[in-house]
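Should a chain be cited, it is by its letter among A, B, C and D, assigned in written order, with residues numbered from 1 in that chain.
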Amino acid sequence: MTMVKALNSALDNAMERDDSVILLGEDVGTDGGVFRVTDGLLNKYGKERVMDTPLAELGIIGFGIGMAMEGLKAIPEIQFQDFLYTGMDQIINQMAKLRYRTNGDYTVPMVLRTPYAGGVHGGPYHSQSGEAYFTHTQGLTVVTPSTPYDAKGLLLSSIELDDPVIFLEPKRSYFIKGEVPEDYYKIDLRKANVLKEGDDLTVITYGPSVPLVQNTVKKNNVNAEIIDLRTLNPFDINTILTSVKKTGRVLIVHEAPKMFGVGAELAATIAEKAIDYLSAPILRVTGLDIPVPFALEDYYVPNERRIMEAVNKLLNYQ
Amino acid sequence: MTMVKALNSALDNAMERDDSVILLGEDVGTDGGVFRVTDGLLNKYGKERVMDTPLAELGIIGFGIGMAMEGLKAIPEIQFQDFLYTGMDQIINQMAKLRYRTNGDYTVPMVLRTPYAGGVHGGPYHSQSGEAYFTHTQGLTVVTPSTPYDAKGLLLSSIELDDPVIFLEPKRSYFIKGEVPEDYYKIDLRKANVLKEGDDLTVITYGPSVPLVQNTVKKNNVNAEIIDLRTLNPFDINTILTSVKKTGRVLIVHEAPKMFGVGAELAATIAEKAIDYLSAPILRVTGLDIPVPFALEDYYVPNERRIMEAVNKLLNYQ
Amino acid sequence: MIEKTDISKEDLLNAYRNLVMERFLDKKMLNASKQGFLPFYIPLMGHEAIHIGIGLAIRNNDFFYPYYRDFGAVIEMGIPLDMALSQVFATENDNALGRSMPDHFSFKKYNIGAVITPVAGHLTAATGIAYAYRYRKKEGSIITTFGDGATSTPDFHVAMNFAGVYNLPMVFFCENNQFAISVPTYPTENGAFDQTYMETRGDIYKKAEAYGFKGIRIDGTDFVEVYRQTRKALENAKNGPVLIEAMSYRMGPHSTADDPNKYRTNTVPEGSAKDPLIASQKTMKDMDILDDGMIKSINDEMDKKTTELVNKYEREPKPDKHTMLDNLYEEEPWYISEERGDVQ
Amino acid sequence: MIEKTDISKEDLLNAYRNLVMERFLDKKMLNASKQGFLPFYIPLMGHEAIHIGIGLAIRNNDFFYPYYRDFGAVIEMGIPLDMALSQVFATENDNALGRSMPDHFSFKKYNIGAVITPVAGHLTAATGIAYAYRYRKKEGSIITTFGDGATSTPDFHVAMNFAGVYNLPMVFFCENNQFAISVPTYPTENGAFDQTYMETRGDIYKKAEAYGFKGIRIDGTDFVEVYRQTRKALENAKNGPVLIEAMSYRMGPHSTADDPNKYRTNTVPEGSAKDPLIASQKTMKDMDILDDGMIKSINDEMDKKTTELVNKYEREPKPDKHTMLDNLYEEEPWYISEERGDVQ
């Protein structure tokens, strides 16, 4: 099934088991969500559990936090991650800090789902990859799947967590297909996924860039180890360091802009903890450091050419 | 004079020269701002140019953007950087992107001033160091002074820029004193300041951590080169690389939390462009990765002990 | 009863022609989108009378800050069709180099603000522009448009409050098409409310009172009425802000990504009395400006003209990819210069 | 004319005692702050009748989401003084380990929400709590408090609108002390308006109408009146939201960082008729519950008691520094474990 269907199946499973799970967001009800992730759930669970909301992300998030404080499990959908900044204060100042500042008197078991990155040619406001804003926010868990199977398992694990999760769905992968069990299953949120073992270099990536990296490595026959982070914060440092110590060469690929992005922390952590194992600079291939231009999105995102240039630079580095 | 007075003097100079400069914000008028940076300016320039606003950062920022679109130079004050997230959408989606998405049809010459970091024991919501949110926002220039002299010169340069500037004022340094000319002067926004030359290691820092680094280095007689970034984005890469290539050892110090923070990008850039010059891991001494706890702020921030531990580790590294 | 307006019959006829042009263009752009020439398109049908009325009401010194569904207003203001269509089709001639989605206009020299996608994201900027107008003693008022869903946003509240507090010369114009994508505006508009919720339980035009100024509700299907009320509001705005709620109906899908059959039955089909084209024709006939023969010939003319236009613009070249790194900053940062090598 | 209330004279007398205690405690905590025992403090004077009235009105099943200036309400609800003062003085016994500023209570088991510093940042959460109450068919309503300045925020608008749309069982209670730090609420409250601006031009209690529900304005200086109106609102809220605007005056500075002489002359000095202590005494006397002798003896008792309390709590030990890395996440991330070595 597609990633959209896998997410829908996860929500369905979770709602079936636990009547404290509640969906809310703009157009998630009658319309089934702009990407149809919540399709059919209003009919099945009723408007008390699948709530269309007024047009206010601030409210969607804050309302969800309140529900969580009273023991419900809110799963808000934000139509595009680009619009989530209108509720940023609730995310940074309330959702992320509530457990800490009350020393656990209140927790916020809540999963904020939102599609991110490009793929629909939606210009500067339907294409943003804002994950670094969330990974830098202490208290948040930031998860992003790359396959339908992972999407369902990671979403179910996120729902079980007693902490707020920013669940970033790569919209360019919404319609890729894969095997997905109908039944409930989970995936460890604290473990990265080694998609392919390899010896010559380590490619660390996640979310929307995973298929690109896999195809590029395969097509060009690169002996690379590919790590799909799955969870960006807290990321799985052991898997990263083990691989880097083996290969000594690191390439980081993500669609978000480079400067001060997620790749920077990965590089910095490696430069702190494994510098003696490195035989080459740490390189990043990322989206450009500009807003995503409507007509030229295809030139904005990482591509095979840029990845292979970096791979070759790393492999040839003396 | 104090940094507060230096900022006041800069605003006064700018308003005197140019009647398009307008201040706005909560309590900036009659009250002169909660830290008194705008003291006396209402009396001098009138309420058309020193505007008290309703309690809405979103409005303060958006209003300023509109003024900028019509050729005025808005200088909004946000009382504490912690509250700025309620206007984050305006910053990320409007202020930062307007020049780009209109290809310069509109520009946003505007300086958003706000105190940040700790020093007043204000707990989780009067102490945040959110600079990484802004440095990762393409289109913003992020500036932070460390002395009264720099505060005035950098603010005046920021006001002259035809781009939006996030001007972060280290509130813990608001009352340190220094020589400051009464007259108008500027400081290059694209140049870091080498505060001290040295050979054994490079310490890169900025804003509220600068005095701590200077004192620690002096007191412990470390032969360190100290770089005060002044502008965090775009930072002065040449000054950094020149120094790193000379010393081969790098320590980054900032008060913001470490993970996915500004120091990560500095480390990543160095690990990309100067790895062969490094004789040790790149270390960071930063605030802890938690919200700032009210009663225990003093244990949260970087201190001499932690800096010297890192320095010694770097100097002894083989 | 049709009151006299302060503009000539010829102006009204020209405005009507633009209204018809908008209707035809809309259909053809929608079609171009289905054929893949536009990755995304925002239909206009149902809004034309509002657009033309607003465009007609805006005078030289006024400032217009539109939202993403205001094509006709911009045209009626006198912006060259070439500028507007180059933007919609993101061609190399677009003054913003194809960086934004269709209908996201930015024409500073025509006093038109830069349309932004996040709903209501322009409203606080509009208040700042209004302030700058007063500060600089400029003639004219500011008018900004937005949908009914936009009234639920933080920005609406904050902008309305700032406008009230500073008593700004501006008109808030709500194009109430009764839906924010699938969510209906009011509890009473259709029968679907057992299954879902709505945007608000407060009448939009009355919301102005919360901020200390007045709001009115008008018929948004007759462009002459829209013109008259909007012009009056722009005049009154010199003494402080005004809110207008213009009632209309989104006759098509929300966007090309939307299927309205999922959530409603269309209660205003094309050609029905509430279709702005029909309602406006009726007014024009009552005013003796239009007759059936003219209707037919204008239709034929616009049908042909819009086909030619769309054929032309859908095939115009896109902006050069090397432009994409330009103009993020006044002075280019080192990393942008480095990234120029990445664009090939 | 004093109507009968549904609670006993004894309850009212106890409430009055708490009101007096709040007044004395406030002064002593302010003093402790000046002496450096509290780095920051938020004075209460002027708000006591509101606090006590609210605390008295809240019943077992109701939920209270306060803002940062609600000390007395929490006490009157029956929260142990030890819990409240441990929080205010950030001692090792604070249930939140001294992580928040004074008066930022979080007492889940008493149905009290976690006070947040950003103004109005709790209002949308309060709507979610109200929804959870209805969903779980819990008895009781939700009451949330906030200042007059808070009505300018995005959160106020969005929370009010959500409450209206979902018809939530909740009371929005605005403690209108006429100032948001230095900015006055309304244009008409004092003479300073030639020099500056205000929060809003709309009456706060009427703002409810924009969201389809009702608002009332009440006297916030008499705790019996506040009690009565609040209790009624909590009952009515079962049928949908209610907004209360309680008129009072911030008699002291905004916080210990504030000097009100910069922006106003104090129009409600201590001991004047609008001082809530005096206004409440008058009501109690009219009800034959209080006489001058009792006033004096309660004053003496509370003076002494509060001195002892503050002396005790200001010297309590602070939380252990090693606790500061606890409880950010359910499961500790590797980097937090690493940072334990940094705390020495």
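Throughout what follows, a contact is a pair of C-beta atoms (placed from the backbone, for glycine too) under 8 Å apart; a residue touches a chain by one contact, two chains touch by 3 or more.
Keep in mind it's a predicted model, so treat the numbers as computed, not measured.
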item	value
Furthest chain, CA centroid comparison against chain D	C
CA centroid of chain A to CA centroid of chain B, Å	30
Chain A and chain C, separation of their C-alpha mean positions in angstrom	35
Chain C and chain D: spacing of chain centres that average the CA atoms, whole Å	45
Gap in Å, rounded to a whole number, between the CA centres of chain D and chain A	40
Residues of chain A touching at least two other chains	51, 53-54, 56, 58-59, 82-83, 85-86, 89, 93, 100-101, 124-125, 138-139, 233, 259, 289-291
Multi-partner residues of chain D (at least 2 other chains)	97, 99-100, 104, 116, 118, 152-155, 158, 161, 165-166, 197-200, 328, 333, 335
Graph class of chain-chain contacts, one of line, ring, star, complete, other	complete
Complex interface listing, chain A residues touching chain C	26-27, 29-32, 34, 42, 47, 51-56, 58-59, 82-83, 85-86, 120-126, 258-259, 288-291, 293-296, 299-300, 305-306
Interface residues, chain B side, partner chain A - complex	82-83, 85-86, 88-89, 91-93, 97, 100-101, 124-125, 130, 132-133, 135-136, 138-139, 233, 257, 259-265, 267-268, 270-273, 275, 278, 280-284, 289-291
Chain D-facing residues of chain C, complex	152-158, 161, 164-167, 197-202, 206-207, 209-213
Touch list for chain C against partner chain B, complex	95-97, 99-100, 104, 106-108, 113-114, 116, 118, 121-133, 135-136, 154-155, 158-159, 161-162, 165-166, 326-331, 333-335
Touching residues on chain B, where the partner in the complex is chain C	22, 48, 51, 53-54, 56, 58-59, 61-72, 74, 89-90, 93-94, 98-107, 138-139, 141, 161-163, 190, 233-234, 237
